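Same chain, two partners: subunit A is paired with subunit B first, then with subunit C.
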Partner chain A sequence: MKVIEIVKLLRLSAATGEEGLDREAETGYCGDLLSDVMANSKKGALWLTIQSHQNIVAVAVLRELAAVILVNGRMPDEETKIKAQGEGVPILLSPLPAYELAGKLYEIGIGRA
Partner chain B sequence: MSPRAIVEIGLERGMDLIAVCDHNSAENSGAVIRAGKRKGLAVLAGMEISSREEVHSLALFDTEDQAVRMQDLVYRYLRGSNRPELFGDQVVANELDEVEGFNDRLLIGAVQLSFHEIVRAVHRLGGLSIASHVDRPSFSLVSQLGFIPEDIDVDAMEISRHTTREKARMEIRGIERFPIVSFSDAHFPGDIGNPCTCFLMEALNVAEILQALKEEGGRKVIQ
Partner chain C sequence: MPNLTKRYPIKARDYLKAGEVSIQIQGLLKIIGFAPDFIRRVSLCAYEAEMNVVMHGGDGELTLEVDTDRVDLDVRDAGPGIEDIGLALQEGYSTASEEAREMGFGAGMGLPNIQKNSDSLDIISEKGKGTEVKIGFIA
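What follows is the complex of A and B.
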């Protein structure tokens, strides 16, 4: 499913990186330790996190993630927005905690083989 | 870990300079500074601050006053109350090893300021900012943020006793841009001074350490 469709279905808002909304999201990954996400996330994943530091953009690029979703109402740092815009990495926002949002993503088929 | 015991062991182990770095608090700095003065051991006031990203860094100051000003900022952005049955009593002691009171804040928590904001605040107050135990799998710059951010302005990177400078330089990308130091992160008296860092300096203060880190004016980090 394309990221843009997920944004519409789950009423997420896009903070930046709109040009990447056309990407395919294959699965999801939850994690707030960037070292763990760098080691274990899969290409094409939606990454649910509360980390808003600019390094999340580099991790998303490195792992070829579809988008980053900041959960729990977290907002990206200003530098993060600038970097994400530059790299075309969508930063999406959700007021839900990661557990609930992951459940909704699973319900619409993300990550279900 | 009482002020007098810290000073005694520091002296026994040949330390010239130690720093007191309680978690998110500098309330015990003054007592150890005064206990050190009585016995002839120089003590810096400090804190190990946990950022919003849960990255730990050391803030080191010459005076208790500077550390308290940093602490004011930290307390403003630190939420919650301690639960002694879970996290232990957070004792505030004086230089005679007497208990003056208990700190009721949740010092184990994370300050709601970014790592970058904390580094900038420490520098504004004239302190040294050092990223703690960057080689460790928890609460380190590398574990929390994946890698060393390009624009970070810390004065040094600290590695734990679990690694060596050579290994850290091989394994942690970007660390070569910074001076490397190693401290004991002592949580028990027996840990004090192991490991420590040897500086070549004219005097025991923050300005001299900074010069040594930058290898200016003949100062340097020996090992």
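What follows is the complex of A and C.
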């Protein structure tokens, strides 16, 4: 499913990286430890996290993630937005906690074999 | 002699620029045309090594050597050195600062991640004399 469709279905908002909304999201990963996400996330994953600093962009680029979703109403730092825009990484926002949002993503088929 | 050698400086505690060297390397390896899974392995290790310098290292330098069938990373820093390399390779062991941990670094997974995703790893370090991490990948 394309990231843009997920944004519409789950009423997420896009903070930046609009040009990346056309990407395919295949699965998801929840994590706030960057090395854990580096080690265990899959290509094309949506990454659910509370980390909002600029280093999340490098992780998303290096792991070729579809998008980063900041949960619990977190907002990205200004530097994060600038970096994400430069790299074309969508940063999406949700007021829900990671557990609830992951459940909704699973319901719409993301990450189901 | 390798086909291509590039050197990238890494500044300690510069979290703003952290990861940029790895992104440059990823882009370069894509242009050269290595397989996507190979590039993912190299990028992951480059990132973990780069972050180790940012977090612990004092200033350092990453040297990338690219050949037709392999890539090597040599990361040197002028940091405090590793007291017990065996311990540093254990998943979960970390000496990262509170500042680094709050940002989601310092999970004690950096060197173990490198070990899992590379074909060779040599760590040369002495307390007070800095660290050299040599990482090899066979394409």
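In the analysis below, the second predicted complex is superposed on the first by the 113 of 113 C-alpha atoms of A that agree within 3 Å, B and C clash if a C-alpha of one lies under 4 Å from a C-alpha of the other, contacts with A are read in each partner's own complex, and residues count from 1 in each chain.
To be clear about the criterion, a contact is a pair of C-beta atoms (placed from the backbone, for glycine too) under 8 Å apart; a residue touches a chain by one contact, two chains touch by 3 or more.
Here the structure is a predicted model, which is why all the values come from computation and not from measurement.
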- Who touches more of subunit A, subunit B or subunit C? C
- So, does A:Leu101 touch the first partner subunit B, the second partner subunit C, both, or neither? neither
- So, A:Leu92: does it touch subunit B (first), subunit C (second), both, or neither? neither
- Considering only touches as defined above, state whether A:Val7 meets subunit B (first), subunit C (second), both or neither. neither
- Message: Let me test your reading of the model: by the given contact rule, A:Lys43 touches which partner, first (subunit B), second (subunit C), both or neither?
- Response: second
- Message: Let me test your reading of the model: by the given contact rule, A:Arg63 touches which partner, first (subunit B), second (subunit C), both or neither?
- Response: second
- Is A:Gln54 in contact with subunit B, with subunit C, with both, or with neither (first, second, both, neither)? both
- Query: Between subunit B (first) and subunit C (second), which, if any, makes contact with A:Asp77: first, second, both or neither?
  - Reply: first
- Common interface residues of subunit A - those touching subunit B in one complex and subunit C in the other: 33-35, 38, 51, 53-55, 58-59, 79
- Note on the structure: Touching subunit A in the complex, subunit C uses residues 15-16, 18-20, 22-23, 26, 36, 40, 43-44, 47-48, 51, 103-105, 107, 109-110, 113, 116
- Touching subunit A in the complex, subunit B uses residues 53, 114-115, 137, 142-147, 149, 151
- Note on the structure: Per the touch rule above, subunit A residues touching subunit B in the complex are 33-35, 37-38, 51, 53-55, 58-59, 77, 79
- Message: Please output the residues of subunit A touching subunit C within their complex, sorted ascending.
- Response: 32-36, 38-39, 43, 49, 51, 53-55, 57-59, 61-64, 79, 87
